[in-house]
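Questions regarding the structure given below will be posed in turn.
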Amino acid sequence: MKFRTIRTLTSQAIKSLKRTTSLTTVLVIVACVLALSVFTLIAVNLTVMGQRMQAGVELRVYLKDDTTEALKNALEKSIRSISGVTKVVYVSKAEALERLGAQLGDENAFFFDDMPNNPLPASFDVSVRRADAASDIADRIRKMQGVDEIRYGPELVRNLVGALRVMWVITGAVAVLVLVGASMIVSNTIKLSVFARRREIEIMRLVGASDVFILFPFVVEGLLMGILGAGIASAIVFVAYWAVSDWVRAAAPFLQIVVDSEWLLRAALGVVAFGAVVGIVGSAMSVRKHLRVQG
Amino acid sequence: MKFRTIRTLTSQAIKSLKRTTSLTTVLVIVACVLALSVFTLIAVNLTVMGQRMQAGVELRVYLKDDTTEALKNALEKSIRSISGVTKVVYVSKAEALERLGAQLGDENAFFFDDMPNNPLPASFDVSVRRADAASDIADRIRKMQGVDEIRYGPELVRNLVGALRVMWVITGAVAVLVLVGASMIVSNTIKLSVFARRREIEIMRLVGASDVFILFPFVVEGLLMGILGAGIASAIVFVAYWAVSDWVRAAAPFLQIVVDSEWLLRAALGVVAFGAVVGIVGSAMSVRKHLRVQG
Amino acid sequence: MYGVTKVYPGDVVALAGVDLSVEKGDFVFIVGQSGAGKSTLLSLIYRGATPTKGQVLVGGRNVIRLKRREVAVFRRKIGVVYQDFKLLPERSVYENVAFALEVIEAPQKEIARKVSAALDMVGLSHKANSLPGQLAGGEQQRVAIARAIVNDPLIVVADEPTGNLDPDTSAGIMALLSDINCRGTTVIMATHNQLIVDRMRKRVVEMENGRVVRDERQGMYCHEV
Amino acid sequence: MYGVTKVYPGDVVALAGVDLSVEKGDFVFIVGQSGAGKSTLLSLIYRGATPTKGQVLVGGRNVIRLKRREVAVFRRKIGVVYQDFKLLPERSVYENVAFALEVIEAPQKEIARKVSAALDMVGLSHKANSLPGQLAGGEQQRVAIARAIVNDPLIVVADEPTGNLDPDTSAGIMALLSDINCRGTTVIMATHNQLIVDRMRKRVVEMENGRVVRDERQGMYCHEV
C-alpha cells in the first residue's frame, strides 16, 4: 500500500472511531484491563508479603542440658547442611534467660535476679526459607543426637501461610477467568461491530477493494481502541494505586506495600502495549473471518 | 396486547436470541455477575473472619499489689460499665503464676515450685467488642484507681485489623467499579445490537407497529439474556465455591469459610433475578431511546 | 384530502408550497423528474416526514398533530410501497407480508388466508419462504406491494412500484391497483413509467423542483402530447 | 467473451444452461421477466457469484479460477451498477464515487478530477456532500452509475440503471452509456425499459426461466413487433 492510502484509511478509522458504537469495545477493554491490573497488583503484593512473612518462620531446637561443646558444633553443622535452612543462631542458657526476662516485661524481670540456677535450656534458632518445608526439616532435626525438643514459630504465622496460599489460588483463578472472559468479550464485541457493518464490507469487496484495504481501517480502529482502553485503565490504576498505597501506609504500615514508580510506569506501558495488540489482533481476526465467510 | 401476539413476539425473540450477536451480551453479563459474585463472596468471608478475630481482642489490666478487695470489686464494676466491654475476668496472683508456667512449658515450670514469693500481679482480662475501640477503652481504664498498667493483645492482631480494613476498602472499590463498568458495558452492548437492527426497527414503525410491539421482543430477548447470563454465572460460582471451600477447609481450616447452602442458593436465585432485571431494563431503555430519536 | 403543504428538510427545499387535494376513491399519478419531490410528498401522507410549514389533512385528521401512539394506528390504515422496498431482511416473504397484519393483532387464521391471497395476487406464492435477500429485484418489489395491500387499507401510497418490473408484470400490478381502486381505496402513485400513465388515463399531477406544475384529470405522462 | 454457463443457487434454478458470448465493444441489453435470471447472469461476469456448472471467461481469463487476491483486482476493471445501488451509507456521494478510485490507489488530484467529472455527467455535482440516505431514489441510482464509470472500466455491467429515473434523465444516462460504448467499453445492461431498448436498436438477449430464448442484433424489447 502507498503511504497516501494509509493516511486516507487511517483518517477513516478515526472518523469511524468517533461513532458511538466503538465505545462499547473501549469500555470492555478498560474494564478488563482494570480487573486484570487490580488482581495482578493484589497478587504481587500478596506474594511479596508472603515471602517476607515466610522468611520469618523459625524453629527453636532445644538442646539437652548435658550436650558437650563438640556435639553442639557437630549438630550446628548438620542443621546448616539441611537444604532449606537459611540461618542457624546459637542461644546459650544465659541468653535464653535474658530473652525470657525481656518477654515477661520489666515488672516481672526482677524475680529472676535471685534465681538459684538457670533452668532454661540452650537452643538453636533455625530460620527456614519456606514455611511449608518447616515440618519436614523439624522431623529431620528431631532425630539428631543432643536434640531435646523442637518448637515452631507462633501458630498464627503458620495459619497466615495457609491463608495466603488460598488467596493466591483464588487470585490466580479469577485472573484466568478475567483473561479468558475479557478476550471472549473483546473479540465478540468487535465481531458485533463487524456484523453491524457487514453491508459496508460486502460493498467494498464488490467495488474491488483488496482484503488489506478493507482490513486496514478496522485494524487501525482496533489499535486505537486498544491503546485508548488500556491507556485509560492504566491511568486509573496508576493514580488509584498511588492513593491507595499512601492510605495503606498510613492505615496499616506493617503491610509494606510495593511501590516502585519506575516499575509501575513500565507495567503501565506494558499494559497499553498489550491493549494495542489485543485491539489489532481482535479486529483483524474478526474481519478476516467475516471476509472468509463472504468468499 | 393479546396473548396470541405475546406468544408470537416471544417466539421471535427466542429466534433472534439464537443468532450469534446476542452471545456478546450474555458473555458480558456472565463476566460481570462472576466478578461481582467473587468479590461479594470474598467480602462476606473477610467480614465474618474479621468479626471473629476482633471478638478475640483482649486488654489485660494489671492491678497494684496493694489493691484491696473492695477497690477490686469497684474497679470491676466500673470496667463492666464501659460500653464496648463484653467480658471481664479476674485473674488472681496465683492464677497468673499458673498461667505463666503453662506458657513457659513443662520443662521450665519446675523452677517456679521453689519460688520464695509470687512476683506476678493480679489482673482483669477485659474483652472488647470492637478492636478499634480498644485503645479508647484502655485510656479510660488507665485513669481508674488501683490500675497499675494495661497490656494489649498481641501486636499481630491489631495489624490484622488494619490489613482487613484495607482489604474491605479495596474490595468495595473494585465492586463499585465492576458494577458501574458492568452496567455501562451491558447497556452499550444492547445499544450496539439495537444499532445493528436500526433498519428493522424503522421499518416496523413505518408498517404501523406500536412502540410496545417493537419493544416487546427486545425486552424478552433482554430478559432471556439476563437470566441466561446470570444463571450460567451463578452456576459456575455455586460449583466453584463448593469446591474452593472444601479445599480451603482442608488447606487452612482456621479460615472457617462461610458455607450455608441454603443461603448460597437464595443468593444465586437473587443473582438470576438481578440479571433478568438488568436485561429487561437495559434493552427496554436502549430501544426506547432509539425510538425517541427516530421521532 | 389534504390542504396546504410545504417542506424544507435540512437546507434542501424539497417541496415549495404545494397545494393538493385528493378525493376519497381517486387514482392519482404523481410524475416528475428525479428529485422533484415526489417521494417527499408521499411521505407526508403516511407521516414518514412532517412539513416545515403547512398542514396535512388525511381523512379529516390533521396528520401533524397526531401523538406518538396515534401515528402507529394511523399508519395501519395506509398501505405504502416504498421506493426502496423496506423489507425486513431477516424474515421470510410470508412473515414480511404477515407483519402488516400482526401489528393489528389479527387472528392467525385470518393472517394465513389474507397473506396467501396477497402473495397469489402478485404471483409470488412459490417464494413464500425465501428471504428478501434471495429474491430478484422485481420479486422484492412485489413483496412490498403485497404487504401494502394485504390489510385492505383506505389509502395505498405507491412510490415507483413498477421500477423493477417488466412490462407484463407491471400491467398485472396496475390491474391489481385499479381493482383495489374500484373497490373504493384511494391510490396515490409516483411513477416514471410513461406507458402505464398514458394507458390508464387517470389523474396526473406533475411536479418540478418541489412545485406542482400540472394537475390534469385523465392526463398523460407528458405535458404536450 | 464467455463460454458455457450454468448456475443453480440453492435449490432454485436461476440459470439453466446459458451459452452467451459478448464481443469486446458490444452493447447488449438483457431483457426478460422478473426472476428470469438477468441479475444472476450479470453477477457471474463480475464474479458476484460462481456458477454451479460451466465456465465463465472474461477477457480470456477463467473467472472461476481467480484466487482471492485476484478477484479484487479483476473487479476493478468492471464497472457495476447494482440493482439495489449498494452505496456505502455512511459516506458522502463524493466519497462513494471516489472509493472506486481509492481502491486502485490513484493520486488524490486525479481522484478529485475524475469524481467531479463523473458527478457532472450524471448531473449530481450539487449533491456531492449529501449522504445516500438524503437522496431521492433516482439520485442514488445516478450515484451508482457515476461510481461504475468513474475509473474507465473495460466492461460496464448495469442492472436496471434507469428503474428509478424519469424518461428525460434516462435518456441522458443512455446517451452517456452509448458514449462510453463508442470509446470501446463493453456495456451489458439488464433492463425492463421498453422505450429505451426499442429506440437504441442494439443487441437484445431475452431470457425466460433461466434460459436464453432470443438473441437478436439490433433487436426490440418485444418478441414480435
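A, B, C and D are the chain letters, set down in written order, and residue numbers restart from 1 in every chain.
Here, a contact is a pair of C-beta atoms (placed from the backbone, for glycine too) under 8 Å apart; a residue touches a chain by one contact, two chains touch by 3 or more.
Bear in mind the structure is a predicted one, so any value in this text is a computation, not a measurement.
Participant: Return the chains common to the contact lists of subunit A and subunit C.
Facilitator: In this structure, the chains that contact subunit C and also subunit A are B, D.
Participant: Let me check something: if the centre of a chain is the mean of its CA atoms, which chain is farthest from subunit C?
Facilitator: That would be chain A.
Participant: Measure off the straight-line distance from the CA centroid of subunit A to the CA centroid of subunit D, and report it in whole Å.
Facilitator: Going by mean C-alpha positions, subunit A sits 63 Å from subunit D.
Participant: How many angstrom lie between the centres of subunit C and subunit D, each centre taken as the mean Cα position?
Facilitator: Centre separation, subunit C to subunit D: 28 Å.
Participant: Report the inter-centroid distance (CA atoms only) between subunit A and subunit B in whole Å.
Facilitator: That pair's centroid distance is 22 Å.
Participant: Would you kindly tell me how far, in whole Å, the mean C-alpha position of subunit D lies from that of subunit B?
Facilitator: Spacing between the chain centres: roughly 67 Å.
Participant: Among the residues of subunit C, which ones contact at least 2 other chains?
Facilitator: None at all.
Participant: What's the contact topology between the chains, one of line, ring, star, complete, other?
Facilitator: ring
Participant: Going by the touch definition at the top, which pairs of chains touch each other?
Facilitator: According to the stated criterion, the contacting chain pairs are A-B, A-D, B-C, C-D.
Participant: Note which residues of subunit A are touching subunit B in the complex, please.
Facilitator: So the residues of subunit A touching subunit B come out as 20-21, 23-24, 27-28, 30-31, 34-35, 38, 42, 62, 100, 104, 107-108, 110-111, 114-116, 119-121, 148-149, 154, 156, 159, 162-163, 165-166, 169-170, 173-174, 177-178, 181-182, 184-185, 188-189, 191-193, 195-196, 240, 244, 247-248, 251-252, 254-255.
Participant: So in the complex, which bits of subunit D are touching subunit A?
Facilitator: Residues of subunit D touching subunit A: 46, 48, 68-69, 72-76, 80, 82, 86-90, 99-100, 102-105, 107-108, 147.
Participant: Mind pulling up the subunit D residues that touch subunit C in the complex?
Facilitator: Per the touch definition, subunit D meets subunit C at residues 10, 12, 31-35, 38-39, 83-84, 134, 136-139, 141-142, 159-160, 163-170, 192, 194-195, 221.
Participant: Flag every residue of subunit B that touches subunit C in the complex, lowest number first.
Facilitator: 1-2, 4-5, 8, 16, 199-200, 202-211, 213
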